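What follows is a pair of complexes built around chain A, which joins chain B in one and chain C in the other.
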Partner chain A sequence: MSIKRINAIIIKEFKQLLRDKRYLFVLFFFPVFLLGMFGYAVNFDVKNIKLAVMDNDNSKESREFIKTLISSEYFILSGYIEKDSDIKPMLDNQDVQLILVVPQNFSTELAKNNGKPSLQFLVDGVNGNTALIINNYITSAAMNFNAKIQTGFAEKAGITSLSPINFQPRFWFNPSLETTKYLIPGLIAMILIVTAVVSVSLSLVREKERGTIEQIKVSSVNTIEMLLGKAVPYVCIAMLNGILVLIAGMLLFNLEIQGSYLLLLLTTSIFLLAGIILGIFVSVVADSQQVAFTIAVFLSFLPSFILSGFVFPIDSMPPIIQIITNITPAKFFVAASRSIILKGAGVSAIYDQLMYLILYTLFFLILAVLISIKKEKEL
Partner chain B sequence: MNTILHFVKKEFLQFKRDPKMFIIILFAPIVQLVFLGYAANMDVENVKTAIIDRNRTTESRLLIEKLEQSGYFSIEYYINDYKEAEKLIEKGKVICVLSFPVDFDTKLSRGESAQLQAIFDGSDGNTASIAAGYMIKLVAEHSQKIVLTARDKSGKALLIPATISAETRNWYNPTLKTRNFMVPAIVGLLLMIVTLILTSLAIVKEKEIGTMEQLIVTPIKPHQLIIGKLIPFTILGMVSVVVVLTAMRVIFNIPVRGSILLLFVSSFFYVLSLLGFGLFISTISKTQQQAMMLSIFVVMLPMTFLSGFSFPIENMPYFIQMVSYLIPLKYFIVIIRGIILKGVGIGILWDEILILFLMGITILYFSSKNFQKKIN
Partner chain C sequence: MNNIIEILDLKKNYSSVEAVKGISLEIHKGEMFALVGPDGAGKTTTIRMLTGLISPDSGKLSLLGKNIKENKNFIQNKIGYLSQKFSLYGDLTIDENIEFFAHIHNIFDYSERRNELLEFTRLTPFRDRLADNLSGGMKQKLALACSLIHRPEILFLDEPTTGVDPVSRRDFWKILSGLIKDGITILMTTPYLDEAERCTRVALMNDGKIIALDTPAEIKKSIGKSILEVVCSPSRKAYKIIKESGDLEVQLFGDRLNIMIENRQENIDEIMNIFNQNEIKISGTRIITPTLENVFIHLINN
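Coming up: the complex of A and B.
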């Protein structure tokens, strides 16, 4: 292996990249632009739930309950319904997400000793996640209302409290339970890996397609030198991109990094290296740009979105799928960067993720070299 | 007409020459559908929990058992103090730590209020809020039971205030599983990827290889060329619609409640709009590399994030909601979820279907227009 020959390949590759100004613009502009746009779009916060009410009781008590519901930031009253037949079309059309039906005997039942008045809530369950959170809000609204009745009741009876367990949940790291900050690292991972894998995967294939690869082959450059020389310029571009995207994330979304900047940068670099190597692997396997593009998309796009833990928690996946999640380096980056950014974790908490990433990179590098040597022999 | 037919034949001959591509286009979506369909699940179950039990009595154990039996919490560790709790949470080993005070049982037996504390790792706000909701509900149930047993034991006819109960019924998806919600949308994503991969390179490839000049000197007209490119891709796109929808039905056993015909018709319009985007990119790009980057950045990523696939559009800021109106996948997701999960028909979905159709026609018109200009 000669540094001089690798250098020559690097310079050639850089020159080629710099020639296509439009492409470079796309490569640097879009990741930052898309992060800015999507960052505002990614959140699971459930607020402003559209609510319709059918109040068959129409009493002081029922109105009071409705008032407590809509005075919270979660529910918005979008109207009253008069008849049963209006319920289905409203839910079908997604005019509202929730319908409250107050039965006729609500206030009379409420006045009884040990009475059990019930309220009916009809939830649009199509999005199971949102519906579940709506269910939780409803439960706590009913419980708060009960607690209010009980305190009033207890005061009259001269007892301090009727609730034997005083339960206090507390939330660490993110007390307001906003989801955006948790999702931004995943978004960064996805944008960076798609850019890295797709951009690099085409570099080698293009030479195969145009026939310029023969010219390189007849020179004294060997396979490993060529792969390394090809990788370096893309690593530089990807690193620059990574830094830009991280800065944009911090500025646009007030992402306060609790842990060390240096550690975050190191994690990002290892992750990008893994992405580049994955791209090199694709370009060794594919023979045409179209095939390379297809494999790159199927390897980087959807896996980094769905299998990385970015949107769907890995713990909820079936065991076999949990093993398959290792196909995307984004998985390790998402876990590590979340720990650094949100929890301020140090090396000791994330070193296993970093080791996985390094192993992953080595695995695909060796695989790429082996396949490319084998392909050369076949020629 | 004849010219177009010849051109279509040429395109098919080209497909036949690249069998690797054909196999990938046909099978990759199925493989991905299987993996992603099983992975796309936001259900919160078996929340990893650690317990600090300073009480160690039947009272505390009763509640712990109740949590474990609910299926929502799985007790992974019994620890002694908050220091250990901090480590476990930081490493992501547990999401929740529940702590019982020393006097938990004595307070209960005296009829006083016992303090019970839980810490949740809030960094994943979604999971934390759902898990906390489960726990609040379970503790409240337990609490109610303690009150009732105390009353029964005392034998006195105590006055008990009325408690309202919220009876929730979740329509369309009573078990609130997220998989049925996600899989149809993944179908939409896969169709997008397949059609874009096919079409975004269609014209730029001929430009790069130099065969475009040959096409231009033939008597074929630009709109004929676009139509000739379109027909094979539409056929391939529809094949992939059939394959992916069948796979969804067979593998995930998701029944289609509404009309299957309507599902296919709207899939056709959706594919048409995607073909339009693909061909448009292909006409404006100079190299295949540019075309690929554009289709990823301008079409695939925005479609994925702004379509309401996983992030509800209602939550987005107003400006971004406006942008989402330009996303065909947004309409297709409403349609496919509506037909499959709710069983609604054209009476409710007509506007989405119409928009998809118009989008397809408009963008196809513009790409053929743009192509014409380039040639002249």
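Coming up: the complex of A and C.
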């Protein structure tokens, strides 16, 4: 093996890469664009729910309840309704997502000893997911209100501390439950694997298509030198890309890396290696750039998006699909990098994932070698 | 070590197709040797086996007195290969292409040799131009320069002039003659018989076999026939008549007929008679020595 020959290939590859302005643009624009898309648009948090109120009671208590609702960031009061007949058109036109109807006897029932104060919520159920989340919000809002009222009554009666359990949920690692923080590790995984698989396979197949691979084969360069020379530039590019996304995540979405940078780098390198081997595998199978591109996208983009746990939690998939998720190395990287970035996990916590990645890499390396030997024999 | 390339009973199959059906060949040092034949004759397969790109199914192959399988590295440093497609990097300049090919052949002190090659192929004024922006002839010369950067002893050219204009072709041949003077051995494949005539020796290949192997002059002599060239009208009708009259081989080139004959006066008289009977006007006849093309078509037909 000659470092000088590998260097020659690396330099050549970088020259070609830097000259392909369009490809470079796609390579660096694509990740930032995706981050923006996923960060701002694909958001599972439901906020700013438009609320209309029909307050038939108009009492101190009813106003207080409305105030507790709109003082949170989840609800915006878009107006009051006077007549019953206005309720339906408002929901039909999707002017509001939620209508609260306070009955006339709300405060009086509340004041009675064994009164039954009730409230009516009308939720727009077209988007089932959102409706469910709204339902959860109002339930907990009502419960909070109940607790407050009860404490008030108890104090009047001279009894202190009526509630035996003080329920105060706290979420660890992502305390405000922001989906962006949860998405960024998955996004990095997707960008890295798409960059690695697509660029490595395309650059190898391009040599096949142009016939330059034959010139390399008749030279002193051997296969390992060739593959190393091809891999190094794209590892650099993919790493740069990953760092870019991480920095963008820090600046735009206040992401903080809890764990060790070194461990993150190591995990990323192993993952990239898996991606590059997958790219080499594609280049062995495909003979034209179109075919290579199609296979590469199919093997890298789709599984890392759907099956990696990036967007859809693996635990809630049917058992068979859960087994199929193992075809993408992104699954292991997403799990490992989430642990490092959000939890600050150490090596022992992600050991299994790293082993999986290494096994995965070895499997595809052997497969690629076997197929290329078989193809060579057919020549 | 006069024989720089030795081939013995070389065979190669592609799945069910027999591409090369057992050829034997010796090529001497300093020769300009051509493998000639139609598409699918097995020329490219042969040259690819010689460069070590594919391995033969059976047979012996030695270059520079060494077996190619066991001495791949040694041999690959001493051979240059120009494939059919002028394999270059279109997004690199002339200089960068040569630099890359120098490096992968372990040549790191290449600038003098590069200047020499660029001078030799007259590409010096274009050295900073991207290979994609070169004409077909210039691409071919650049590819040649790339394959010569490591001063190979044997140069393999696979249909080097296909798709190149006539002026560039002549230039290219001048460059090749220069290389032969320097003592390089050249083995080329070509579908053009006029190019084959310029080589020291020629192997005619058809259907995976060598059907003739000698100097162009000897091959032409070997069939022992001459060509009667008749300029006549209507030539198409005359061609049909001769073709139908029996065992004469005839080719039609515009208003000329080339009829292959035993070199005897009675044969000529006989043909003239046929033409007269069918009212074909003859404006000239002459006897010519057969070209390689005539011989080749004769051999394939037999």
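FYI, the second predicted complex is superposed on the first by the 231 of 379 C-alpha atoms of A that agree within 3 Å, B and C clash if a C-alpha of one lies under 4 Å from a C-alpha of the other, contacts with A are read in each partner's own complex, and residues count from 1 in each chain.
One rule holds for everything that comes next: contacts are C-beta pairs under 8 Å (C-beta built on N, C-alpha and C of every residue); 3 or more make two chains touch, one makes a residue touch a chain.
A quick note: this is a predicted structure, and the numbers were derived from the prediction, not measured.
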item: Contacts of A:L110 with chain B and chain C, given as first, second, both or neither; value: first
item: Residue contacts on chain A - larger count, chain B or chain C; value: B
item: Contacts of A:K343 with chain B and chain C, given as first, second, both or neither; value: first
item: Which superposed partner A:S71 touches (first chain B, second chain C, both, neither); value: neither
item: Which of chain B and chain C A:K12 touches, first, second, both or neither; value: second
item: Touching partner for A:I133 - first (chain B), second (chain C), both, neither; value: first
item: Partner chain(s) touched by A:S85 [first = chain B, second = chain C, both, neither]; value: neither
item: Touched partner set for A:N254, first chain B, second chain C, both or neither; value: neither
item: First, second, both or neither for A:T325, with chain B first and chain C second; value: first
item: Set of chain A residues, in rising order, touched by both chain B and chain C; value: 20
item: Residues of chain C defined as touching chain A within the complex; value: 14-15, 51-54, 73, 76-77, 79, 81, 83-85, 87-92, 96, 100-101, 103-106, 108, 146-147
item: For the chain A and chain B complex, residues of the former touching the latter; value: 20, 22-23, 26-27, 30, 34, 37-38, 40-48, 65, 91-93, 109-133, 135-136, 138-143, 145-146, 149-150, 152-153, 157, 160-179, 181-182, 187, 191, 194, 198-199, 202, 206, 287-291, 293-295, 297-298, 301-303, 305-307, 311-313, 315-318, 320-321, 324-325, 335, 338-339, 342-343, 345, 349
item: Residue ranges of chain A in contact with chain C within the complex; value: 2, 4-5, 7-9, 12, 15-16, 19-20, 210-221, 378-379
item: Touching residues on chain B, where the partner in the complex is chain A; value: 18, 20-21, 24-25, 28, 32, 35-36, 38-46, 48, 89-92, 108, 111-130, 132-137, 139-140, 142-143, 146-147, 150, 159-178, 180-181, 186, 189-190, 193, 197, 201, 205, 286-290, 292-294, 296-298, 300-302, 304-306, 310-312, 314-317, 320, 323, 337, 341-342, 344, 348
